[in-house]
Each structure stands twice: as C-alpha cells, then as structure tokens.
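These are the structures in question, set out in turn.
The same subunit A turns up in both complexes below, where it pairs with subunit B and then with subunit C.
Up next, the complex of A and B:
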C-alpha cells in the first residue's frame, strides 16, 4: 500500500470513528424524546440546557425509564460487538459470535434453573436469576475452553467444544421448559427472548463495570492481527496463540455474561457488528475494535428505540429489530466491497 | 405556714398547676366549641387511603375510593365491568381492548409486557394484575417513582374469586354490587359442589381433558384439573408429573375414560357471536376417529365434547364453565341445571352484551 493510500485509509478511519461517536449522543437524545408519553424534543433540549421547564412527569419517565434503557443498549451493544471481534479474530472464523462458546445457552440454563426449580447459588427471585445466569454463562465457557485445552487450543477445537457445550445446555433448557408450570414457562420464554426493558440505574452500574472489563481486550489488537495470518506465523511474530485465545475468550465471556444475565440473550449484534465494522475500516484490530464497539452500541440502541416506538404501546423483541435493521445494511456493504473483506 | 397550706388542703405548686389546667381546659373548650359550632372554610382534606392484603399476600395502601384503574388482565377488567365500574377503567391490555364488553380506553400493552409509559400517561390510582405476573421488578419497581400502586388479584381461580370480588368492591366503594354478584355466583357454585360431594369414588365419571393442543392433557395444577375436581370428575391424568403432559393415543385408550372433553382455543374458533358449528364438527370428528379410539367407552357412548374458550375461565365465567362441565359429567344429577342460562347471566346481565354464540359441541 502506498503512503498516500495509507494516509487516505487513516483519514477514513478517523472520519468513521468520529461520526459514529457523534451519532451515539444523537440516538440517546432521540430515545429520550420518543415514547408513548409525548415529549417535545425542542422543549427537552431547552430544558436540558437551562435545567428547568421540563414537565415533571415527562422528566420522571425520561429519567427512570427511557435514559437507563438507552444507556443499557449502548453498553450491551458495545460489549457484545467487542466480544464478537475478539472471538472472531482469535478463532480466525467469521461465523463465531460471543455466544459460540456457550455463554448464552449457559446463561439461559442458569436462568431456567432459577425460574423453574428455584435452584441456584445466592439470593432469591430476580437476584437468583441474575446470579445463576452469570455463573452458568461462565461455567459453559470454561467448560468449552477446558475441553479445547486438551486439544491444544486450536480454533477448530475451541469452536467444536463450544458447540458441544452449547447443545448440552440448550437441551437442559428444553427439558426445564417441558417440566415448567404455566407461569414459569411464560417467564422463561420471555427471558429467553432477551430485552432491555429491565434496565435501571443499578443494572447500568454492572453493565459499565462489564464495559471496563472489555478494555484489556484492546491490548490484544496486535496479537489478533498476527493470529489472522495463522498460528505458525503468529508464533514466529512472538504471539502465543493459546494464551491470546484463552485471554480473549475469558475476558469476552466475563463481560458478555455480565450483560446477558441481566438482559437475556440478544443475538445478531455480536456476530454482525464486527463484520459491518470490518467492511468499513478493514481488518486491523487496532481500529476494528473501537469501530465495532461504537457500531454495536449504535445498532442496538437504534434497534431498541425502534422496538419501543414502531408498534406502540406494544414492544417488538429487540432481537427481531436488530436483524431487520442490520441485515440489509450488511448485505449492502457486502455487495459493495470490491475486495476480500475477511483478511 | 406549712400547716396553714395543709389546712387549705393544697400546696402552692398544686395551686399553680390547677390554675394552669383550668386555663388550658377553658381555652381548649373554647377552641373546640368554635370548631364545632362555626363551620369554617372547607379544609383541604388529606386524601383518604385504604390498606388491603392482595392475593400475592402483600399489604398495599391505595387512595380510597379508587377512581382510576388500569386492568392488566381481562379477568379483572371483566369483574370491574360486572361491578358496574366500567367508567373506572382507564387502561386495558391489548388483548381486551377490542372485546365487545370493553370500555373505549387506551391499550397499555400486554400483561406479559406492560408498557410502563402508557400506564403512567393515563394516571391511574391503581394497576390490577395477576398475583404472579408480571414480576414485581417489571411492574412495581418501575411504577414506584410515579407513586402508582399495584394490587395483585387473580380472578381466574374459583377458590379466591369471591374474596377477590369482595376486595375489589371495597376498593371502588361498590360493596353492595360486589355482595350481589357474590351471592348469585356463590349460590351456583355451592349448589354444584354440594351435589357432587355425595358421589362415591367408584361412581365418579372418569375424564380425559385435552387442552388446546392435540394430546396435551390437562394435568395437576392446571385450571381445568381444578374444575374437573370441583365438578366431581376424576381426571385420568391427575397423576401426571407435569402440568400439561403430552400423552399417547395408546395410553388414553388404556386408561379408557367415560367422558372426553377437548378445549378449543379462541384462535381456532371464536365462540362469541358464532352461528355455524361446522369447524367444531370437524375437530370433533377428528377426535372420535383417532386410531384405536373407537374402543374408548366415551367414544362408544357418544360422550365426546368440545368446550370453547372465551367468556369462560375468567372472572365469573369460571363458574359458568364449571356448570357446563358438571352437566356434561352428570346429566342426571344436574337435570335441573341449565348452564347456558348461567352463562347468559354472566354475559348479558354482568357484562351487558348480548348472549350469542356456541360454547359447547355437540349442543346440549
């Protein structure tokens, strides 16, 4: 690549990052002003800047319901997307998502145990569900990594072990669904759909802690770039594939489990946001990671906004909207890309 | 000196205290008199409240009398209409919003996913929902900042139906209407239960009750299982390990029920306003022609019935459903009971809409 080409690429990357970073507050503001209770966006903007003049009821709705939810969407979207990048890169496979290693099925199984049988580690009710989902999500990932370790942590072994674990926990969920009573079944089915309406300020604290847990992933950007060229090349460049893989999978699982245990499994973002980012800024993980994070946050918060307002007062499951929103965008970028995008 | 005070029978301190008491008593008496005698300007009264224990076993304090209600369940909305409190309903679920008996108010989403903003916008005094759904974190916790209370009442179980009606009547200051409803419906219910209480176990009718999906039986813990028990029937799957067990055709033949009842869901056949029973005949024929079922006593004796959901199973429709089932199980014992009349009372007299439709196939 010529020097001027590289400059052009760098400029493009900076432009993409800057415009994504600007789009996020915009989406949050729109989320704050749209909903069943009408809020005048101009009045809201004026009220926010002057600190007065907002109807107390409208402000209560914004503060207690809309804002935590919008921020939760940002955090969850960013975490899922970053985990997706780390896992796709370290396992050198474009079909991998944060859920490939069993995080979501483990979390679902833990939640199902709590909902149907009331079995778990700590707490009761909602606490029990969250704690269970978190513990089993991590358990599933570490089982998968443990099995893969016996086969030298090759990408295939990690993925196959993950899929095996995933099927095992899914079977457990199906069994629990079968023995569940009516109420429990309804609660479980809604949990499995995944949604952000449970967001509140306390849960947001946890989500932002999880977001912090993702920061060490940036340290592996160069290692991931090396791994993309194959394990042997990576080794010759001083990267230990097994260590990188274990670290990326472990950190991702930790962050994703913290999100999924509160929101339920939200699919698509973790798989697609990295690809969208790759199509825009290329496969260099130093840029891919932040771009994916911003793109994931943008995708999920926009999707959740639409899920809330399209069929008011009914809410569409957010996973449905992310797919409807992301797939056309993805296909558009895929058809436009003139070169091989994966490398 | 001391002796002198003693002779007066009173110390100086006591004298001062006594004088003070007199002054205070006079002033208080004057103030009291003034307050009673002269009606002052109307004092802004603190809103009255009432504290009740709901069906989730929690103490809930709500403004009294309740004037604005969001009903998150059809069953509670129907009971409100039956109490003559249709005007108090300010929000209703998506499922109930188009029902013929429903008031013309806004939808607040579904019971499983209530839209908190929509509830907040209609400014209710209370929200009524099931004892176990939605979870408090999705409802109470979200409504708490807005000062809206949640009362959890089921209205879908006979064991609690009457007490819940009484409580709802109290909340809305409609106790007379509540007692009238209870006396009629408890009368019907009590009559059915007392007549079947004398049945010996060997004389009880053995029933296969199938839910909305083929071969999904009503097991222990299901609403239908309870109705069968109250109607004096023996549920052949009362021993199942799960609520809605998937059973095999062969096993039903082996258990050989005297009566087969299948529940038809509203999506397959909407009973209200229906005049053509052809879709029901089709379902009915598919049941009696299931492989090997010609060996079952119920099929041999022509005792296979369909019961259509809708205006049954919720609120006092439960008692109407019990009456239908009791008559299907024991036509001789209940020769004088007319379930259609009971059901008509619910739909026409309680809900205020015409009684037209097909609920039982074949017709009694």
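Up next, the complex of A and C:
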C-alpha cells in the first residue's frame, strides 16, 4: 500500500535523529579532552570513583571551563537552529535567520549602550551588559512584529519590518562605536564577534531556560507544514497564519535573546542548520525541527572545539569558524543535492 | 449526509472596492454548483467567504445551520475542503506527505492508523496511489491538481470547494478531473462548488449554475437557463451563439462593441 513507503521513510528519519543524538555526548567528550591541557575524562572519572584522588588542575579545567563551555555550545547551537527553522517556516523564506527580526542588532545595541555609556536597566559590569542586550533584543523583535501587525502579518511585512529595525539598531551601534574610547571600543568589538569562552554554570542555567522556551515551537509543526501551501490553503486546513507567525517569532526571539545576550551574535548556525536538516530529513517540520536542533548543537560545538584547538593556544572567534567550516560544507551539499529544497 | 450551504447577503470590500455586493445563494447538498462570470466578478472571493478564509463585511454563511465564521477553524477544516487555483510553485514534499497535510485538522503530532487509511483512500479516489513516494515538484500539472484534490479529500469533508480546477490543464486532464469531481459528488454525497472559466465544461459538469457580474448574482438556475445569448452578452460583453443539440455548446462570435 502507499502508506508503506511513508512508514519506511519515517523510520529512516527516526534513525537519522537517533544517530545525531548519539553524536552529542561524543562531541562533548572530545571537547573535554582536547585543549592546551590534554585531559583524559575517563581517567578522571575513574580516579574520582575509585577514590585515588585526581589532578586538581585537570578537574578545574574540565569542571569550570570545558564542560560548561561544551554544554553552552550545544544549547546555543540548538536554540539558534530551532529559531531558524521556525522563522524560515513561518515566514516561508529560505534567507531568514534568527537574526532577521533584529534580535542580534538589538542585543548589540543594548550591549554597546552598557559598554560605552554605562547606561542600562539593572546591575553593573557584565550583568548590565547581559541585561541590556536581552532587553534590547526583545525590544527590536517586538518593534518589528508590531509594525508587521499593521500590515496583517504577511511574511513580506514581517521580514521588511525586521530588516528596517535591524538597520536602525545597527546605526545606533555604529554611532556608539564612533564615540567610544579606545578600550571601550576594544571590548565592544570583542563582544560583537560572539564567543562562548565566558560560559559558566550560572549562564548555563539561563541557556537551559531558553532551551525550554523552544519546546512550545514543536506544537506548531503541523501549522508550519500547512503554511508551505500558502496562507489561504493553510487557513482552510484550520491553521491561523498570523497566530503561527507571531508565536514562532515571539518564542524564537525570547530564546535567541537569552542566548545572544551572553554569547554575542553567533552567525550562520541558525541559517545553515535548518537547510542541512532539510537535505537530510525533508521538509516535514515534525522531523525537521528536532533534526535542525541536533545539527545546530553539533555544528556549534564542533566549531567551538576547532576555534579552541586549531591555533592553540590562541583562540579564534567561534563565529569565524562556523562560517569557514560551514560555508564550504553547505555549498557542497547544496550542489550535490538532487532536488531543490527551496524555490 | 449531504449538507446545505446558505449564503445570506454577504458583501466584501477590498480597499474601498466592493468585491462582493450582497450575494445570497444556496448550495444544495450532493449537487455540483458552478460559479461563472468574468475575471474580477468575485468568484474566488465568494469561495473564500464560504470556507471562512475571508470574513465578509456584511452577511453570513451557514453550513447546515451553523455560522461558518463562528465555527472553530479545525472543525470547519474537517467539514470543508478547498482546492486552490494556484498550487505553490514549489513544495518540497512527497505526494504522500502533501496529501497528509489534509489531516492537519485531525492530528496533533503523529499520523495514526485512521489517518494513514484516510490518506490512502483519498489518493485512491483520485488515482494517484502509484505516485505516493514521488516528490510533488516532479509532477505534471494534471498530477499536481489531483494531489491538491486528494489533500482536500483527506480532510474527509462534506463540502468541496474548487477554484478553477481545470485551468492550466489539457483537454484530457480537464475531463478526467471533472469526471472525478462528479463521481465524488455522486458517490460520497459531497456538496461541490467550483469556480469555472470554461462555460462549456461548466455546463456539462454542473447541476446548478450561478452567474456573477461585478460582485452580484446575475442569474441562477440550470446551465441551460443561465447560459443564454442575452446573459452572455450582458455579463461578458460577448456575442455568442448557443447551440443546444445534442450538448449545450457556446460559440463565442465576437466582442460586443
């Protein structure tokens, strides 16, 4: 019967998902082992459990630096990819990324305000930067969505409003860079590059909460599938395009803002992971969303591992690696793919 | 099982232009109603009003006594299927997956046994089981049209609305699709409304014909009553000869000066 082909396909996709999930602990394990100080995590665990005592330096490196950083990479990668797939699907546009709605430029502007002028909402120092980045990231997205609402939440209106808001905040960042003193400029530029080196357990708590904010996105899997047919047909299938769009954009912005305010903008993962996932499991969002999340997590943690290791002891900003690593892979897969994934 | 649709005095205004102006019609259960009229007469808007996609600025649509715009979207989607005039230019799904979209009003995550059976039945009804694992984008225009109809049938609706189901098809596929629609109306007791451009085909395959002009109902009745030279002249501005033996045949002669 005709359903058998579909059942076979679903099993294959579930297998892909399972193998990607199995790769996660592997990447974390390798991330813990490699670095300026090579560590054998298994030996460390063995020493811990057998009471033989452990090298305190190795323990500190693993527990305070590498493990939180590896987990942060997983969480951030998964969140950026989930947001990317939800926005690309709900706006029906392959060029959309989590940053299209102004999240990153809003966050950058907030951070710049804190770094250069010391203006902000709560706290001082790093806390001020994070709080500012978060608030302005959300502000940017809500401005974009508010403008788009006046135009009936069509995909075009959302994207154009997002880009307009993005330019406005980018101009603000440029202005602040212009008036900044030298050491402030250095800190700002470093922040704008985006990196994971400042990960710690407290920040990981926030990232975990952000990951939770992505879970409701799965509820929209069928709505996103229906939207592939266009707004009118989606409506006749019982989907409300405006509600789906607002919910996907709002949840994505919330989760991405929570991550980006701590890491700075890390580009490309959120754009690329959904496309890679589409090549692997097709366009059904029930498979596409979890696959994107896992691929995003794997991509960012692999990129961060390379960023730490390739020019040891020097670290490269992870955003540079995601692009250097990701673009050739992406182009290769796009050219090799038998059929078009997007128009 | 056949349900009746009553449209009562609906008007739709698009940016100060009246697309529909106080339309009142009835769609009879188990019958095929053809909606004809020139471009811009309001055929598509009328269909969109009936299935709740467009909210009229005045008037109501009743589905078996229930107001369409007050029904829950999922419930409406379980009762009414809509086949769009234009398929998306690109749909990266297999045929099975595309037809499965019709189950959207029924499922929350996984497709159950009943859903798989409904999808298979819908594909069988339009004769595309053999295309199940092919990608939508690889199909011909006629095959795509059948997929869209199967998607609507997978909703297991009581009402089927079709917008220009035969535009872009060759004459064989036109007949295939319309014979299919007629069979579905007869066998499943579906209430069918279709917007049509081709008056000859519309007359062959409809029980009732509604002729629209500038957002208003100009004529309603059996195709033979509606498609008179006078009506065609008044609505389309075309001089036409109407032959009635053995089939109704409209021969356009020229534009009315």
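Basically, the second predicted complex is superposed on the first by the 324 of 343 C-alpha atoms of A that agree within 3 Å, B and C clash if a C-alpha of one lies under 4 Å from a C-alpha of the other, contacts with A are read in each partner's own complex, and residues count from 1 in each chain.
FYI, contacts are C-beta pairs under 8 Å (C-beta built on N, C-alpha and C of every residue); 3 or more make two chains touch, one makes a residue touch a chain.
Everything numeric in this text was worked out from a predicted model, so none of it was measured.
J.: Pick one for A:14: touches subunit B only (first), subunit C only (second), both, or neither.
T.: A:14 contacts neither subunit B nor subunit C.
J.: First (subunit B), second (subunit C), both or neither: which does A:126 touch?
T.: Once the two structures are laid over each other on A, A:126 reaches subunit B alone.
J.: Does the superposition put A:230 against subunit B (first), subunit C (second), both, or neither?
T.: So A:230 only meets subunit C here.
J.: Between subunit B and subunit C, whom does A:61 touch in the aligned arrangement: first, second, both, or neither?
T.: first
J.: Where does A:221 make contact in the superposed view: on subunit B (first), on subunit C (second), on both, or on neither?
T.: Touch status of A:221: second partner only.
J.: From the superposed pair, tell me which subunit A residues show up as contacts to subunit B and also as contacts to subunit C.
T.: none
J.: Taking the complex as given, what residues does subunit B use to touch subunit A?
T.: Listed in rising order, the residues are 94, 106-110, 112-113, 115-118, 120-121, 132-133, 135, 137-138, 141-142, 145-146, 221-222, 241-244.
J.: Using the touch rule from the top, collect the residues of subunit A that touch subunit B in their complex.
T.: 35-37, 57, 60-61, 63-66, 125-126, 178-179, 181-183, 186-187, 190, 197-198, 200, 312-315
J.: Quick check: in the complex, which residue numbers of subunit C touch subunit A?
T.: Its residues touching subunit A are 48, 51-53, 73-78, 80-82, 84, 86, 88-94, 96-97, 100-102, 104-105, 107-109, 116-117, 119-120, 123, 129, 132-133, 135, 137-138, 155.
J.: Under the definition above, what is the set of subunit A residues touching subunit C in their complex?
T.: 1-3, 5-7, 9, 221-223, 225-226, 228-230, 232-233, 235-240, 278, 282-284, 286, 339-343
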